[in-house]
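Structure, as structure tokens:
Labels run A, B and C following the written order; every chain starts at residue 1.
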Amino acid sequence: MDPTLLLAVNALAGGLFLLCAFGIVTMRQVRGCLNLFIAQSLLLAASAFLLGAAFDSWHLVGVGIVNLIAKPFVIPWILRRMLHEEIYARREIDQAVNIPTSLLAALALVILGYFLTLPILEALDPASRLGNVAIGFAGLFLGAFTLAVRREAVPLLIGVLAMENGAFFAGIAMSRNLPFIVELAIASDGLILVFVVGVLTRMLHRRVGSTDVGALAALKEGEP
Amino acid sequence: MNLFVMLAFPLLAALLCWRARTPGIASGATLASCIAVLVLAIDTAFAALRGGTVVGVEIAVAADALSALMLLLIAVVATGAAFFSRGYMQRMREGPARLWFYYLNFNLFVFSMLAVPLLVEPTLVWIFVELTTLCSAMLVGYENTREALEAAWKYVALSLMGAAIGLLGFLVLFAAMQAAGGGTYTWEGLVQAAPRMPPALIETAFLLVLVGFGTKVGLVPLHTWLPDAHSQAPSPVCAVLSGVETTVILYVILRMLPVLDAVPGVDLQLWTVSFGLLSVGVAAFLLIQVRDYKRMFAYSTVEHMGIILVAAGLGSAAANYSTVYQALTHTLTKSFCFYAAGAALLATGSRDILAQRGLIRRSPATGASLLIGGLAIAGAPPFAVFLSEFSIFRAGLAEGRYIAIGLLVLFIAIGFFAVMRHVNRMVFGAAAGAAEPFRLPASCAAVLVVAAALVIVSGLYLPPPLHELLQRAAARMAG
Amino acid sequence: MAERVLFNLLQVAVVMAFAPLASGVLARLKERVQSKRGPSVLQPYRDLWKLFHKDEAVSEDSTWIFRFTPYLVFVTPVFVVLLIPVLTSYPLAFAFMADMVGAGFVLALGGFFAALAAVDTANPYGPMGASRTRMVGFLAEPVFVIVFFTVSYVAGSTIPYIVQKQWVASASNFFAPSHVLLMAAFVMLILAEAGRIPVDSPEGHFELAMIEESKALEYSGRGAALMKWGGQMKFFVLMCVFLNVLVVPWGLADSQSVAEVLLAIPLVLAKIFVFILVLVVIESSLAKLRLFRISEFLGAAFITAVAAMITRVFAF
């Protein structure tokens, strides 16, 4: 297929990826947040496939397949199995920062991410100068911001996973030839991550009765 | 071959813990594997001294002098913590039924820490760094109280955030290597390809790695999880976390420094030194107002990580030597401090400094250990930490970095007075309440004695092979 | 030249004729999705006919604004139709009278007078609805402006026809990340400006919760018919702008032949029908937002539009 058309559709995937990242920052419902993460992972896999076809790289196609299996399917399955169904029906009533302000801060972070990638794009070879890199950086920062503002446990975990999605999204454009075994190992590492955090969340739910980790502020200097 | 066996032992012990599920077998297996790992680590250190680099699998698993030093440190602290756990965990509220879970995680944690210096490909290193977080999460939250779970959650969330940033850093590093014309993606290969790398890429990669892995090391301003996690975990785990795990992650950052030095036109020394000084300063001030002695030792870890980073940023050969020397002394001393803190917790049952008055009367062994530990970690002569800090000052002054060293001295002095004040209040003074005699468990006392001996001796005498190992490791830091 | 004027008038006629049909189809589809039978798609025509034949009752306390507004609300979308591509892809006779910013102002003029008229009658629900409409309006303004400026930055001009050519021109423009972000922002804007769920409930009869509907509360007879028709035409115009300029710029007549232009009519209607299906899905799956959450909704639209602009400026 025509590489320019593939790259153009890849840019479309990038735009939707950024939209999903914004949504993860602000979506109040836990279930909605999880669905946005699934959508984002599907877009990552799609981008990997498109870039693999455009650059004739089976390696990238493999990366896409690994991501397609691990993130949109296995991770939500693990989470569903480990955590009580009730956790997914929640929505956050109040946030650390209200939604319009957090959206503005998210926008500022995206601009910061773009600035950071300008010198990087100049230093890369011309074939790698895709929008992926900038959107990946922006996705990383937006995921970190999610970790800062969200209060519920599952959206925090999704923020971490969204950060990794962003890093990968930049990586498939920049570091195309990373050994495949490494990609496989990183993906399985993601699964272990979800498993451990799921166990921790379950312990929290049993002990504290809710997964509102933003309310856990007992450890301060005043307390012995 | 040694290297694989070293990795296999903790895994086998973990497997045994999982299958057997009895505390006796679990602790015994853990102890045996840690001792085996210690023997193998000493052997590897000698092999590195003789031959240069011990190779397991070409371009994947290898140990040079710096790695061998790290392995040695991990092995020593792991063995000590495993011994200490035997006595300590019996007295825990949790009861013996869950102990197999503790030892299972302990072994997995040791396994993941051992793998970090052994692997030479950055992305594989990243995977195991993330595994250290995941394996120790359950250990931090082991006591299953609300505070412990909160600490575990903060630890996991912040560490994973740092890990994702570090992942992007390593991906940019890989892109930098591709732009430099390719090569093997190992620490060696990076140093060789460095002269051709575009400066923008390597700078971005280093800053991302510094911020990302710096979160796990506990550098300010990303340190907020550290006092909570390193105080809520059971004391032997704290010893491992504070003593050696943060150092191992800092080792990963240190591995990038020779790459930076070899790229023309990149000067990130100022960043490194400033970041380090920030950590030392903030930790010193936070030490003044701390009220929980385990948190005090945790802040001291933040301070020392800053000191090591400053020393690494100074850049001369003497500074490199003092970096690895500081790492060694800090590990030995900090683990001893946490053993002492664990003993104090067993003696009084509370983490509050003010509740500890007159510890020396209650339990002379505990009081003396806490006193020695406090003095040592604060940097009093004639202990080893004082010597290593002094060597940092000398190296810095030789380089002409007067402002940096001046600030460093000021902050360390503030920290010194803060720690001494707290330790003084804990150890001396009128004992509050009935001072019934307190018996330390035998294994705890044994570990305290051995660790104290190490702390005292290392200040007076450094065995020549160890000195040689430190010099070789410092040479590896220069590329 | 004469043909261009003819086509312009044909555009106006098409919009005037089919705007009620679009509303009727939307209402019926929404009801069908809920397993109800729904009104006939020609019901809006019957309503307009009925209203035109009824007497008007005008409050004694109202001023000329109240009497003047229905005509203004009816005429402003007609003006905008003259400026935008509805049937043809090349500019017509009056296309250069104003650009997109001007068209936005003209639409806003109608909304402004409608809000004034709502206040004019001293009916308590009128000003309440008017103030809410103004709130939605001023929150939506920045989004409009950013969207327009981004598309004109790409196209190099603010005339809708030229913008549309730019999008049709290259695939890379069409698939660019900024394009999909702009489409998302504009959809949210249409939902807000046309008073659809999640911003407002168009079939609701509860005056305390009305936003758009309360503007037409006091009108009867001819005034009500003109307000209704004007509202339907504004919705149709917004959809035309969205579809013909941003999303699906194809299917418009390229040459001056009458046959092609007439062929473009069913194509435009088909595009609008597909968009109405999408709207039905959105409306049926969301709930109306509480009033203070509308600012979050429009804030999200604003951020999306600015992100689109930033992405475009950085040339990603």
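Going forward, a residue touches a chain if its C-beta (ideal position, glycine included) is under 8 Å from a C-beta of that chain, and two chains touch if they have at least 3 such contacts.
This one's a predicted model, so the numbers in the text were calculated from it and none came from an experiment.
Trainee: Using direct touches as single steps, what is the fewest number of steps from chain B over to chain C?
Mentor: Shortest path length, in steps: 2.
Trainee: For the chain pairs A-B and A-C, which is connected through the larger number of C-beta pairs in contact?
Mentor: Most C-beta pairs in contact, of the two: A-B.
Trainee: Pick the chain whose C-alpha centre of mass, unweighted, sits closest to the average of all protein C-alpha coordinates shown.
Mentor: A
Trainee: By mean C-alpha position, what chain is farthest away from chain A?
Mentor: Here the answer is chain C, farthest from chain A.
Trainee: What whole-Å value do you get for the distance between chain B and chain C if each is reduced to the mean of its CA atoms?
Mentor: 64
Trainee: Between chain A and chain C, what distance separates the C-alpha centroids? Give it in angstrom.
Mentor: For chain A versus chain C, the centre distance works out to 36 Å.
Trainee: If you average the Cα atoms of chain A and of chain B to get two centres, how far apart are those centres in Å?
Mentor: Chain A and chain B have C-alpha centres separated by 30 Å.
Trainee: Considering only the defined contacts, which chain A positions touch chain B in the complex?
Mentor: Answer in residue numbers: 116, 119-120, 122-125, 128, 136-137, 140, 143-144, 147, 153, 156, 159-160, 163-164, 166-167, 170-171, 174-175, 177-179, 182, 185-186, 189, 192-193, 196-197, 199-200, 203-204, 207-208, 213, 216-219, 221-224.
Trainee: What residues on chain C touch chain A, complex-wise?
Mentor: Contacts found on chain C: 171-172, 174-181, 184, 295-296, 299-300, 302-304, 306-307, 310-311, 314, 316.
Trainee: Mind listing the chain B positions that touch chain A in their complex?
Mentor: Interface residues on the chain B side: 121, 123-124, 126-127, 130-131, 134, 137-138, 141, 144-147, 149-154, 156-158, 160-161, 164-165, 167-168, 171-172, 174-176, 178-179, 185, 198-201, 204, 227-228, 232, 289-292, 295, 350-355.
Trainee: Applying the document's contact rule, which stretches of chain A touch chain C when the two form their complex?
Mentor: 4-5, 7-9, 11-12, 14-16, 18-19, 22, 26, 98-100, 103-104, 106-107, 110-111, 114, 118, 131, 134-135
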